[in-house]
Amino acid sequence: MTTSRVPHPILAENLVRTFGSGDDAVRAVDGVDLQVEAGEIFGFLGPNGAGKSTTVRMLTTLLRPTSGTAKVAGWDVSTEADKVRRSIGVALQDAAIDPLMTGTELLRLQAVLYGLPRNIHATRAGELLERVGLTAAGDRRVGTYSGGMRRRLDLALSLIHEPSVLFLDEPTTGLDPMSRKSLWEEIRRLNDDGTTVLLTTQYLEEADQLADRIAIIDNGRIVSQGSPADLKAEVGSPTLLISVDPTHLAAAREILTHFGEARPTAEGTLGVGLVDGASGVSAVIRRLDEASIPVIHLELNEPSLDDVFAEATGHRLEGAEK
Amino acid sequence: MNTDPTLTLTAPQDLRSSPWAQTSALSVRSMIALWRQPATVIPSMIFPLFFVALGTSSFSRAINLPGFPVVDSFLNFALAGAIVQGVLFGSITGAAALATDIENGFFDRLLVAPTARSSILFGRLAGAMAFGAFQTAFFIAVLLPFGLGIKSGPIGVAVMILGGTMTALGVGAIMSAMALRTGSSEAVQGSFPLLFIMLFFSSAFFPRQTMSGIYGTLANLNPVSYLIEGFRDLTIDGLTTWAVVRALGFSALLAAIGMGLSLRSLRIRLGRQ
Amino acid sequence: MNDLRTSSLSAAVGLSGRNLRNIRRLPSAFLPALLMPIFQTVAFSGTFYAITQVPGFPTDRSINWYMPLGVVMGSSFAGVGIGFSTVRDLESGFYDRIRMSPAPRRALLLGPLLSALTRAVMVVTLVTIISFGLGARTTGGPLALVTLLAAGAGMSVIGTGWGLGLAYRFKDMRAAAIMQLTLFLGLFLTTAQAPLSIMQGWLYDVARLNPFTQILQLARAGFVNEMAWQHIWGGLVAIIVISFLTTTFAWTGLRRLQD
């Protein structure tokens, strides 16, 4: 794999994209700045509709930015789209693949579109099928593939020209845990070979497992950026989650304010960032006991990306795993 | 034992509605569907008129050809073909909607409700009949200002509307049979070319007497020819028994065949459930 | 691999190869486009068999009159069929992948045009063979087949440009309905059914001004007349002008996909 020729293979400054016009205009992406280092896996995290896909579509030349600039592999996405296209590989969210074609045919078409010399089409297609474990299925129509197989073929297609920058838009959404793990391994392998990866996901675990750094996007804006460890450290204190009988909810909430800042939680549960850490739990229980509020459930969580997310946006990530 | 009067009143067995009420509710539903999705029915209203307009301009001099009936204008000749064309194409919409009901599970919802099984079919067909009547009246009303003359007068118009209604019932029922058999709206839509063939290999656009060879033979064998000629004679000839017999008789026959097929398909589908 | 270049032609051939392969894999999408002009030719020549007896009708074989119409309609719908499959690709997202590739943008139009032309050649060949079997004869010698093919090829280009342009703008099946309906109207408001010389009323003026009438005349040039330049040039000009317009319409639509 080729390594990036520039220190920041993905660089966006104040990227804006609006849809519609006049009063109905929606700012889907509202001033996004990104600096992705060469050779890193960068996680782009956010709920559905936060602006992840729109940002990726601009960075991959599918959509023109309304304002702001973006450079990918050192080329401007608006004025040097052709050079950008040649440098990037993209696996799309819906794994849009023509179901009537076979895996091999798709890889060969891709090779033609990327201008690979004709004499290496067959070998390249064979190599890539082997790499993603689809050699046996290469001559079958894609319509017969499982979801996991499609994603793997999609990844193979994006690698046809050995891109230095790889965009993966929700690569594992809807996959079973096994397929997800094997795709993760493949992404790590590619990264080890020097490919810079930008990965969008709504799975916290995925970002935590794979990404060197992450950016959290909400309502079209980046609300937090850094390595998962740093971001968690910023949240600092662990979260204490408490369930009480609904009649005591207000009283319990009042008591908890003495122990730290309230944290967003699911309906019917109270959350507090315990300033004193784990040692503060007994004090909380004592106070609740004194107020004759029986505790139904209690849980102490070390800071997770979900907390980072909640801290940054004021709400929990939809579909986030515990 | 519970003697609370309200409970007794709402006991399910007392909520049974008559099949008639169900059928009318379902036919209202199918008519509303036609009304709310004009895009699905407008082609069957516009295209026949478009072809009449084209033909009237293109073939005005053809009415003097040997084999052509005595007519004042090509427009008078073309009306019958337009009515049958419109009704044939219009019948697809309701049947396709029935197939869609099967595809998306609405059909099953009707089945788990205490609905009379036949209401599901009759509701659709009543909608088709209403639409057929409307189409016939619509074509006549639109073409009148352009010089259309109907020799058989208001009674003839009434006969034509009745004939159009029964034709819509017949074709709608045949298409519904296909919908019930396949459960696929695509299959129903796919029968469109078949209707085109039935229409073109008939006297819909030109008299059979001017055709020749195999084509003429096929038009002679095609029952659609006689149905259309019944309507046509009412327009250009007057109120003759033979014209009424063909306009009503062939449409009634079509309706009977269609009802037989669709009821049989309904039984088969219910047996499968 | 930044030094690689994709040639427009090879990318276009690659794209049209996919399109043509899909004919075999999804025949239900292409068969109607092939059968419709045959049916139309047979149905019109059979139904309006006697029209040739109207004084002033330029040929005594109804199939000579209606076969070129079948070819022109069939070829334009071969082009529109490309618009259909592009709508499918746009809806599925496959078209994003094509757009993300560094293939030159003109290849994205050239590919579909190549497949439409191939489809049109298939339509013209099949309709011609069947029509000759049913009694069609040229009046202008073998050149009649050349002008017929030219009209068919031209209409397929026009249909493709129109179909792609609408597909890019609507991005869903509404585009398919519009492309079909507009072409249908455009082609029927002509001398499709009868020559100007026997027409009466409103259609006469519409058909006389409609450039598709010229293209039909080109298609019929060697089937109703002696081959003569006066029956040819109007159609060629119409094809060049309308092709240019619809291809530009497609090109600006492709550009607008980024907006």
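Observations, loosely collected:
Here the chain labels run A, B and C in written order, and each chain numbers its own residues starting at 1.
Heads up, the rule we're going with is that contacts are C-beta pairs under 8 Å (C-beta built on N, C-alpha and C of every residue); 3 or more make two chains touch, one makes a residue touch a chain.
These numbers come from a predicted model, not from an experiment.
Separation of chain A from chain B in touch steps, taking the shortest path, is 2. The central chain here, found by comparing per-chain C-alpha centres with the mean of all protein C-alpha atoms, is C. Chain centres computed from CA atoms place A at the largest separation from chain C. Separation between the centroids of chain A and chain B, computed from CA atoms only, is 55 Å. Rounded to whole angstrom, the centroid-to-centroid distance between chain A and chain C, based on C-alpha atoms, equals 46 Å.
Rounded to a whole number, the gap between the C-alpha centres of chain B and chain C is 33 angstrom.
Contact residues on chain A toward chain C in their complex (touch as defined above): 2, 60-64, 82-83, 85-88, 90, 92-94, 96-98, 100-101, 105, 108-110, 112-116, 141, 157, 161-162.
Touching chain C in their complex are the following residues of chain B: 39, 50, 53-62, 65-67, 193, 196-197, 200-201, 204-206, 210-213, 215-216.
Contact residues of chain C toward chain B in the complex are 32, 35-36, 39, 42-43, 46-51, 53-55, 177, 185, 188-189, 192-194, 198-204. Across the complex, chain A is touched by residues 1-2, 4-7, 10-11, 13-15, 17-18, 21-22, 25-26, 89, 92-104, 257-259 of chain C.
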